[in-house]
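After this come two complexes, each holding chain A, first together with chain B and then together with chain C.
== the complex of A and B ==
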C-alpha cells in the first residue's frame, strides 16, 4: 500500500520525469521551413501608425513571395523601443530581425548581440560604397542601411504666406536664420512660433561642429569638442529663448510625443528629411518644404548622408537564412521601395531606388538630397557606445536651459559631466 | 517568514531517536504542508529572493547587461551622492510622500466618516468613491490625467472660468507635483474601505455616553474616533507611505518616461528605471534599489517606534 509520503514522492518524481521527457521530446526547431511547415521569424520596428501600415504591407508581400517563412511583426515608439531591446538582450531573447538606429549600433554590435551580416547571403551590390561602412565595426557588418537621410530645415509655406513672411532660399547664415525666426515670432501673434530651440538638437550641433571642421568624437571614442564649443553653441540661441521666435518648453512638453511643428504650432523645424511623410500626416498640411541648414561658411554646410535606419539580425537567431532573406527583401526589393517611398528615407540600394517612383512630397525629399550632393561629406562612423544616452541628455539639459533652470555655463558643465562619466563607464 | 511550528517541533524532537507516534504523524503533516507550499516557495525563491540577492551583488558592480559584471566595491553608492539627478529624484519623491500621503489619508478618513452613517444610496456612494482606486493605477487613467491637465484641458478651462490662468499643468514644472498629488489623493478608495471597517468597530455607546456628557463632534472625533481608530490609521499610514515611495507608472506615462518637465516628475523609481534600462547601468540601478529598500525599512522602523505613543490597541493598559 502506498503511504501518504510515498504517494507524494511518486507524484513529484512522476511530474519531474514527465517534464524532462517533454524537454527531450520536442525536436530542435528546423533551420529552414517549407510552404507546408513554415518557420516564423520575429521582426520589430519603431515608428508611427503610418509606418506600421506600410511595414505590414511589406511583410504580407514578403510572405506571399516566400511561403516557407512567416514574419511576426511588432512595433513601438522610439524611446520605448530601446528600453524593450535592452530587456530582451539581457534575457537573450532579441527578435530575429530588427529595424535599428545608428546611435545604438555600437552598444549592441560591439557587445556581440548582433549577427555579422557578412556571414549570410545578402546582396549589397546596389549600395553606394561610402554608405556601407556606417553599419560596420572593426570589419564586421552589423547593420545594412535601408535608406539615407540628410539634415534639413522644414518649413510650412502656407503658414509663412498667411503671416506675410518670405520663404527662405536655403543659403543663409545663422544670423539670417535667427532673424527669420524672430520675424515669424513677431508676426505670429502668440499663437504661431518660429521653431523649437534648434540648439537643443544634437545632430544640428554636430553639423555646426562639422561646419567649423570639428569632429564630435575622436577615433578613440572621446569627445572631439571642448566645453567652450558647446557654450558658444548654446549661447547662439540665448537672445531667442523666452521670445516667440522659439516655442516655449512648457508648450512643447504638453504636445509631446507629437512635435510642435507637426502640431501646427511652429512654422519651422530642423530635422531629418525623411520625417516629411510623418509631418504631413501629423500636421495635415498640403505642402511642406525643406532647405539646407544655415552655415556661416557657404562652401561648408557640414551635411552628410546618414543611414536613416539599418536592418540588423540578432546574434542568437535560430533562423539565419530566413532572417537574411527577409533583410535582403526589405533593402533591395523595388516593390518595398514603392510601399515605403521616402518614409524610411531615400532607398539606399540602387535596385530599390530605381524601382520606386517618387512624386509630390517624396520627390521633394529626393530632389533635396540631389541638390546638396556637392556639399556632402563622408557619413560619420557609428557613434560611441552609449551615444543614445548622450543624445537624450543633450536634449534634456537643453530643455532645462529653456525652462531657465540652468544657465548656458551650468548646462555645459552638466552635460560634460554626464558625457565624461559615461565614456569612463564604457571604457 | 512565518516558520511553521510543526517544523521547529520536529527538528527539536529529532535529537531524541525513538519518535513517538504522534510526532511522526506531525512530521508527515509538515512534509505534506511543505509539498503543497512548494509551488509558492519555488516562485518566492526563484522570482523574489534570488533576484534580490543577485541585485545586491550587482549593486557592487559595473554591469551593462551585455558584459559580465565588474566588481567596483562601494563606487555606485558613493557616486550616487554626487549625482545631481539622483538628489533631484530624492527631493521629488520625498515631497510627493510628505504631501501626498497625509492628504490622501485625510481624504479617505473624511469620506469614510461621511459614509459611515446610514443613509439612502450608501452602497452606491461607497462604490463610487472606491472606483477610482480600482482603475487609478492603470495606464489609461494616467493618460486621461495628462489630457485633463493639459493646455485647454478641462482643468485649464475650468480654472480660467474663475479667472485663474495657469495654462496647462503638464508642461509647467511647478504644477506637475500638485497634479501628481491630486492623482494619488483621488485614489483614496483602498484606505477608505479600511477606515470604514475600523469605524464600524467603534462601539456606538461610547459616542452616546459622550453626547450625554455634552461633547461636540470635534471633541468626539479627537477623544473617541481618533484613539479608537489609531491602529487602523497606523496601518494605513504605513502602507500608503511605502506605496508612495514606489510611484512609477503614472509618472512614467505623464512625462513620456523622461521625468520632465525640468525633472519635476523624476521620481526615484523612474530614475532607477532610466539608469537601468536607458543607460544600461544595472549596477547603479541596483544600488539605488537597495538604498530605497534600506530607507523605507528605516522609515517603517521609525513609524513602529513612534507608534507606541499614539496607537492604542484594545486591551492595552495605557
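== the complex of A and C ==
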C-alpha cells in the first residue's frame, strides 16, 4: 500500500522528471554523429507493404554508405498518417524527416512546422526548374519533390478493339474527345461506357483553365477564375450527361471503392499517370495506355509536372545536417531510383532518373512524361490551405450535376459560395 | 427465469392473494399457435440473413482473387476459390509478421482487461461502500468525464506522454486502464454494488473484517456478472481501438491489428482488398471466440443488473 506521504513524493518526483525531460526537448545545438557513435534520425512515410519493403532497402543502403547516421523508419496508412502528424505537430514531436503530400505543404509550412531546406545542403541541380516552385512558399523551400506525376487520359486498347473504336493518338480537341466518348458509348451496348464525367475532376478543370491562360488561384490565395469560366466548363459535358458516353454517378457509386475504369465499366479515365499500377491490378487488364489530355490549342496543353510526393524535415529537428544528407540521398541517388522505380512516381532528379532502368509499365509512364516535356509549364504553387475541402466539394457538386439534381448555373453558384466562404475563413 | 419469480411468491401468514383472471397460452388452438410460430421463425430468419449478410460477404470475399472483389462482381462465391489472400495476409507487412500484430493486439487487450477489472472494481467499492469527504463531488466529476468527448483530450494527453518520453510504448495505452480512467466501467460496477445487500458487509464487519477482507471475500465473488461484462467490453474495445495505437505507437513492430489492416489499402498505390479482408476474418476470430465463451455470462450479467437485491 502506498501511504499518502509516499504518494505525494512520487507525484513530486514524476513532475520533476517531466520538467527535466521537457528541458531536453528545447532546441539544442546541431549534433553530428560518428561511425562509432552514430546519430539516429526518424523517418516516416505512408504506403503499403510494397513501399515499406522498398523504403527499408533504401534505408539500409543509406546506412551502409553513411555509418555515422542511423535511420529509424516508421510507416502508417495515408489517412492515419495525417491524423498522427496533426497530433504530433501540436505536441511538438514531428519526426526528423517525413514523406509529404503537396496538399498539406502550405498548411504546415505557414505554421512554421517545417524546416526551410534552403538553409541546408541539398543538391537540386538535377531538377527541372519548372518543378521546384511547387515546394516553395514565399521564397522558402519547405519540400523537395522525390518524383513527379503528369495528368493523362488512360484508355484500354483491348476494349476499344473489341468495340471497333480506333485508339486516340493524343492530339485532339475537346470536340474530338467528346465524339470519341460518344462513339464508345453508342457501341458499348449499355454495358461499357466512355468515361466518368471528366468535368467533375478538379485537375482536369485546372488544366483546361491553364490551356486558356487562366490561373486557378491568384498569388494571394484567391480564386483566379470567374463563375462564367466554371459554367462554360460544366456546360461542356451537358450533351453527354445521361448518355452512355459518360457512366452515371449512380453506377460509379455502386462500384466504389473501385473506380469505373478499374472495374472494366469504362474504356477511359482522366487522372494522374501514377495510377497505372493500381488500374492494372484492379481491372486485371494486360495493357493500358496513356495519352495527353485534349486541348483546343495544340501548342498549349496546360500540362505540368506535379510532385507526387515531397521530402520535408521538421523545423525542430536536432539533426539538420543528417536529415539533409538523408533527403539528398533519397532524391538524388541513382541506386534509390533502382529500388523504387516508378512506385513513388517518375524520379524528379535527372541524376536519379538517368541511373534507373525502366521496364514494362514503368517505361510507359516515363516515356509519357518524356513525350510531353515540350508542353510543360511551371507547376502551380502549393495549393491553398483547405484545398482538399475545395476539391472534395467540386467532386460532390459536379456529381449532383451528373445526377441531374442541379443545373449548371445553380451548381456554379453553390461551389462559388462554398469556395469563397472557405477562403475567407482561412485568410 | 426462476429468480425473477421469487419476489412474487405469496408470503406465509399474509392475506390470501386475490386470484386475478390469468392469461393462459394453452387456451389458444394448436393450429393458430403453429402458424404464429412459423411466421415468427420466418421473420427471425429473414432478419438474421440481413444482419449476417455483410459478415457472409466478408468471409466469401476472403477466398476471391483481388480483381474479383467489389466493382462489377456481385456474385458471392467465386469460381477461382483460393487461400491466396490468407497466405498474403499471413506474410505480414514491411518485414513484420502478422503473428507479431496478433501478439501485440492480444497483449494490449489482455492488459486492458486486467487493468480495468482491478482498478474499476476497487474504485467502485470506494464509491459504493466507503463514506469519505467529497465522495459525491468526486463521483460527479467521474460521471462528467464520461460526457467529455475523447477528441478534446487527445492533444493535451499526447503532450503529457510526449514530454514524459512515453510515446512509442504501450504505457499511454494501458495506464488509463490501470488507473480506472474508464469511467463507464466504474459507473457500471458502482451501480451493481449499490444493489448488493448492505447487510452482508455489515455482518462481515461485526465479525471483524476490514475493507480489504470485505472487498475480496464478499464483494468480488458477488460481482462476477459485472466483472465479466466489463472484461468482454474492454477486451473488444481494446481489440478494435484504432486511434489510440495510431497516435502513440511509431514502430511498426509494436502495431496492433487495426493499424496493420489499414496498410493493405493505400489510396496512393494499388490496394490489396483480398488480403485486407482475409486479415479482417482472422482478426475477427479471437473476438468471436472470446464472445462465444463468455456470452452466457453477458446475458446473465445484464439481466441480474436489473434485479433489486
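Criterion: the second predicted complex is superposed on the first by the 296 of 427 C-alpha atoms of A that agree within 3 Å, B and C clash if a C-alpha of one lies under 4 Å from a C-alpha of the other, contacts with A are read in each partner's own complex, and residues count from 1 in each chain.
Just so we're on the same page, a contact is a pair of C-beta atoms (placed from the backbone, for glycine too) under 8 Å apart; a residue touches a chain by one contact, two chains touch by 3 or more.
Quick caveat: nothing in here was measured; it's all calculated off a predicted structure.
Annotation for chain A, partner touching more residues between chain B and chain C: C.
Shared-chain residue A:423: touches no atom of chain B or chain C. When the two complexes are overlaid on their common chain A, residue A:376 makes contact with neither chain B nor chain C. Once chain A of one complex is fitted onto chain A of the other, the partner contacts of A:56 are limited to chain C, with no touch recorded for chain B.
In the superposition on chain A, contact is made by A:400 with chain B only, not with chain C. Of the two partner chains placed by the overlay, only chain C lies in contact with A:42; chain B stays clear of it. With both structures placed on the common chain, the touch criterion links A:284 to chain C but leaves chain B unconnected. Of the two partner chains, chain B and chain C are each touched by A:90. Of the two partner chains, chain B is the only one that A:82 touches; chain C does not reach it. After overlaying the two complexes on the shared chain, residue contacts for A:264 are found with chain C alone; chain B is out of touch. Residues 79-80, 83, 87, 90, 256-257 of chain A touch chain B in one complex and chain C in the other. Chain C meets chain A in the complex at residues 66-67, 70-72, 92-95, 154-155, 158-160, 162-165, 167, 242-243, 246-247, 250-252, 259, 262-273.
On the chain B side of its complex with chain A, the touching residues are 28, 31-32, 35, 62, 64-67, 84, 150-151, 167-168, 170-173, 256-258, 260-263, 277-282. Residues 17-18, 21-22, 25, 42, 44, 46-53, 56, 72, 74-80, 83-84, 87-88, 90-93, 95, 255-258, 262-265, 274, 277-278, 280-284, 308, 343 of chain A touch chain C in their complex.
Within the complex formed with chain B, the chain A residues making contact are 4-5, 8, 12, 79-80, 82-83, 86-87, 89-90, 107-108, 111-113, 248-254, 256-257, 386, 388-389, 392, 396, 399-400, 403, 405, 414, 422, 425-426.
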